[in-house]
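Right after this note come the structures.
Below are two complexes that have subunit A in common, paired first with subunit B and then with subunit C.
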Partner chain A sequence: MSEGELRAVTFRNVTHDYDGARALDDVSFEVGDGEFVTLLGPSGCGKTTLLRITSGFLDPTAGDVLLHGKSVVGVPPFRRNTSMVFQDYALFPHRTVAQNVAFGLRMRGMAPDEIRRRVDRMLDMLGLAGLGERRIGHISGGQAQRVALGRSMIVEPAVLLLDEPLGALDLKLRKQMQVELKRIQRQVGMTFLYVTHDQEEALAMSDRIAVMNKGRLMQYGTPHEIYRRPSSRFVADFIGEANLIPCRVAERRSDALVLKGPGASSFTAAPSGADPASGADAILVIRPENLALAEPPVPQANTIGAVVQELTFLGPSVRMTALAEGNIVLAVVIGPGGRLPAIGDRIDLKWKAEDAIVVGPG
Partner chain B sequence: MIGAERKAGRSGWALGFYTALIYGFFYLPIVTLILFAFDAKEVPGLPLKDLTLGWFAAALSDRQLLAALSTSVWVALLSASLAVLLAMPAALALAWVRLPAKPAILGFIIAPMVVPHLVLGLGLLLLFRPVPGILGVAGVVIAHTTLNLCYATMILYSHLLGFQRSLVEAARDLGASEIRMFWEVVLPLSAPAILAAFLMSFTLSFGEFVAAWFVAGFERTLPIEIWAWLRHILSPKINAIATVIVAVSVAMTILAQLWILRRRNGARGGAA
Partner chain C sequence: MLLRRRHGTASRDKHKVSPIAPVLLFQTVFFVAPIGILFVYSFWRMQDFRLITEFSFHNYREMANNPLLIKAFFLSLRVALVVTVVCAVLAFPIAYFISKKAGRWKVACLVAVIIPFWTSFVLRAYAWKLLLGERGVINTGLVSTGIIEAPLSYLLYSPFATAIGLIYGFLPFMVMPIYTSLEKVKDSWIDAAADLGASPARATWEVTLPLCIPGLVVGCVFTFIFALGEYVIPAMLGGGKDLLMAQAIVLEFELSQNWPGGAAISVVLLAIVFAVVAAVLRWVKMEEVL
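Our next item is the complex of A and B:
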């Protein structure tokens, strides 16, 4: 098996223009076989365009898309070994559940006995056994979601494309389906390319996340990497909650990056290898759970003074917002047992150098 | 509260009266026509004293009247079928394909609706005159297809505009060719609209007189036959045949409605 065959999908410099407006700008990355990859970004970031290019409903203006090492640009959807789960499920209302699931196999000219066997097995796996003869209008939203999934999975595509498939479900059902989708994906070992704008969903389900903004790929990595080591202000801000402190790079040392913050404050951060140049503007990113109250004597480095503005009780934790020098609003998560200041108190917040991330100002 | 209810009652009464007036305006002519089909007098008119079913027997044994009825049914069937067959691809292209100058194309399709049938009939007559044998049933079928086409296209076009496009994409994505997708998904889900376009076309053609009169030659459709009769005699035979037609139309409409309702309940409906 050559190297290329190990990758379910390869995007090479994919660019797409809609009537002169650039929807995708030079996107390149690879999806491994059996991986659950999520395209994540705000609406209009190009994630759905990329999904439609993979399915064959759109062709890229420039660049190449490879499925298992073979270029599929120009190959129509019905000749392409991809299958899409639509946002509105697109179940055929004039057909039963079983007929919907059987559709792809029937189009492939499979023998009726074999189709029936496979459809029964698929309905069993999805917990839809006994619903085969139901009309589409007579099943619940969660069931419809699973029928759509089964209809696409049964044709055993090289990659299953999912366009915000949980968007129409209520929150509780959505959480259930997230777990279920992930379980099914792991069970069958199919490659999933999943589109969502919900970062929590992406973090919970994905092996890797492609964060997109304004048609560009901002970062591609595991949820852990994306959360802990965002490569840009956009990614830091879009994934999870982030405190952004504007500063200036004072010194680049081999073991640390020294930064000047608002007022006379000075911070150090671990170097990442892609840090801004000395003297350049930068943003220090600190997650709320990595900020803590500093008890006297307050250390000099990596602390910032602030005034408590709000305290919100969340059950297991308390969320505090505080206003720091330079009009910066900071969010802090105080875990169980932590000391709680009062609103209006002057406090000092500290963090560990390795929890601070430095990104460019853009 | 009480004041609001009384007000609602009074406006409800006014609404009822208004509704009755509108329905009377629509249906009084038809009721009159049906009523006098049972009038025993040679020349129908008030007072309605003796009732008979004799005119029905007379009408249904009148060879000339039945021949005209059969011609009209054939013309309506053919022109409605042709119109739907031609309208479907036109509507598909208009609704789903990115076309340049789409408003202009739509305008040209709707235009025959506002052209007087007189103008259309005259134009077609001038056009057909050099062609031997076309005046007659063929001519009327062509004239009525032209008229039906714009209505049928508009009905199917508006249906396809509202068609869930992801169903088309899902079928294609699952391996259906364009033709398979059309047969498996678009056609079955468009059946109610196709039926509506067909029935509308059929009815329009069946009652059309002016355009048909120009291009019918020596052939007589039912409206032409009735018009020819009215010139010398106002026989209740015509009321009788008209009553039969009304009864058949009403029955057809009810059947079509029931069929559409049943399909809809089958497709959606509450959880069983």
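Our next item is the complex of A and C:
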């Protein structure tokens, strides 16, 4: 197997303009075979545009899209080996559940017996057995979601494109379908390119996440990397909760980055190789669960003084907000058994140097 | 509390009935009553220019034995059928274009479809005469460019001319309901079909067309019925050699002064119309497809 075949989809410098308005700007990344990749970003960042370019409903203004190593730019949707689960499902209202699922196989000219066999198997796998003869108007939202999934999966596409497929479901069903979708994807080993603007959903389901903003790819990596090593302020802020402390880079040492924080505080962080230059503005990012109360004697480095503002009981943990020097609001998660200060107390918060992330100010 | 709720229900029921009442009254006065009179007339007969008000099937027997009327009857059916089919075939792409491709020109296109209604049928028939006549625009053009030697005589004053006039006149009746149906066909359904491997033609056949059946049916029924009963266009463009039903009715009433005879033809025409509507309503459950 050559290297190209290992990648289900390759985006190369994909750019798209709608009548002069840029929707995608130089997006490049690869989706491996059998991978579950999520496009994550705020509304209007170009997720749907990228999916439509992959399925062939749009051609990129510039750049290239490859399926299993072959460029598909200019190939119409009906000749591409991709399949899309639409946000509104787009199930054919004049056909039954089984006829909807069978549609793609029928278009491929498969024998009716074989189609029936495969449709039955698909309905079985999706827990839709017995619903085959139902009309589309007579099934629930969750069932419609699975019919749409089955209708697309049955054609065994090189990549299955899903545009916020759970967006229309209520929270409980949504959580349930997240688990089920992931299970199905793992079971059949199909490549999924999944769109959501729900970061929790992305973290829970994906092998890799492509974080997008304003048409640009901000970061591409595993949920772990994206969460632990965000490469920009946007990613740090968008994924999970983050405390952002504005700093200035004082010194770049080979073993550590030394930063000047608000007031006279000074911090160290592990160098990442892509750190801002000495003297430049930077943002120190610390996750709430990585902040802890410092007991006296308070260490010099990597602490910040603050006043407790609010305490919220969350069950297993307590969430605290505190106001630090320079009017910075910090969120802290105090785990079970941790000492609880009172509102108005002056406290010191500490963190480990390796838990601190330095990103540019932009 | 209970009383008030009862009162509320009662007044709501009253509101439900009241809008239908004027419609019913209107239909009774202007439709049912004249048809009833026509129906009664069709069983009377004329003798020595006097109306004999005795019940008989005389007029219907006469009709069945009149080869000219039989011919007119079948010609009318044929013309109406051809007009309906041609209108449907022409209207679908027009409606499809307006609904799915016209973009911001949509309203302009719709207006263009409706504009002919702003001028009278008679005026439009004259326009066709100018186009189709022996010295009309088309014949002159064809002769002067040498495509044909002599003017085509069948262009005007023939069932062909009648059909063209009818198709032109009734096309909007076909376009509008199909357009309405197409507006309910979501783009994402067509996209989904393409995504699953259907070529544009196949997607139209599998998804768009079946979902347009309500509009097609409504359009076909209207066009067929109007074409079957139309008088002005056949009278002006048809030339009078080959009579259609509506012309035959007018002849009976006006020329022959045979009101019972004309009434009988009208009743037959009406029966056909009702049969068509009944058959269609039976065939497609409108409330399900609409």
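Points to keep in mind about this one:
We adopt the following convention: the second predicted complex is superposed on the first by the 362 of 362 C-alpha atoms of A that agree within 3 Å, B and C clash if a C-alpha of one lies under 4 Å from a C-alpha of the other, contacts with A are read in each partner's own complex, and residues count from 1 in each chain.
Following the convention adopted for this analysis, contacts are C-beta pairs under 8 Å (C-beta built on N, C-alpha and C of every residue); 3 or more make two chains touch, one makes a residue touch a chain.
Keep in mind that what you see is a predicted model, and the values were worked out from it rather than measured.
Annotation for the three-chain superposition on subunit A: subunit B and subunit C clash. In the overlay built on the shared chain, the residue A:Gly137 is in contact with subunit B alone; subunit C does not reach it.
For subunit A, the partner touching the most residues, choosing from subunit B and subunit C, is B. Judged by the touch definition given at the top, the superposed model places A:His94 against both subunit B and subunit C. By the touch criterion defined above, A:Thr38 reaches neither subunit B nor subunit C. Applying the stated touch rule to the two superposed structures, the overlap between the subunit B and subunit C interfaces on subunit A comprises residues 55, 57, 76-78, 82-84, 86, 88, 90-94, 103-104, 107-108, 151-152, 155. Contacts from subunit C toward subunit A in the complex involve residues 186, 188-189, 191-200, 202-203, 206-207, 210-211. Here subunit A touches subunit B in the complex through residues 55-57, 76-78, 82-84, 86-88, 90-94, 103-104, 107-108, 134-140, 151-152, 155, going by the rule given at the top. Those residues of subunit A whose C-beta lies close enough to touch subunit C in the complex are 55, 57, 76-78, 82-84, 86, 88, 90-94, 103-104, 107-108, 151-152, 155.
The touching residues of subunit B, when paired with subunit A in their complex, are 164, 166-167, 169-177, 180, 184-185, 188-189, 263, 266-272.
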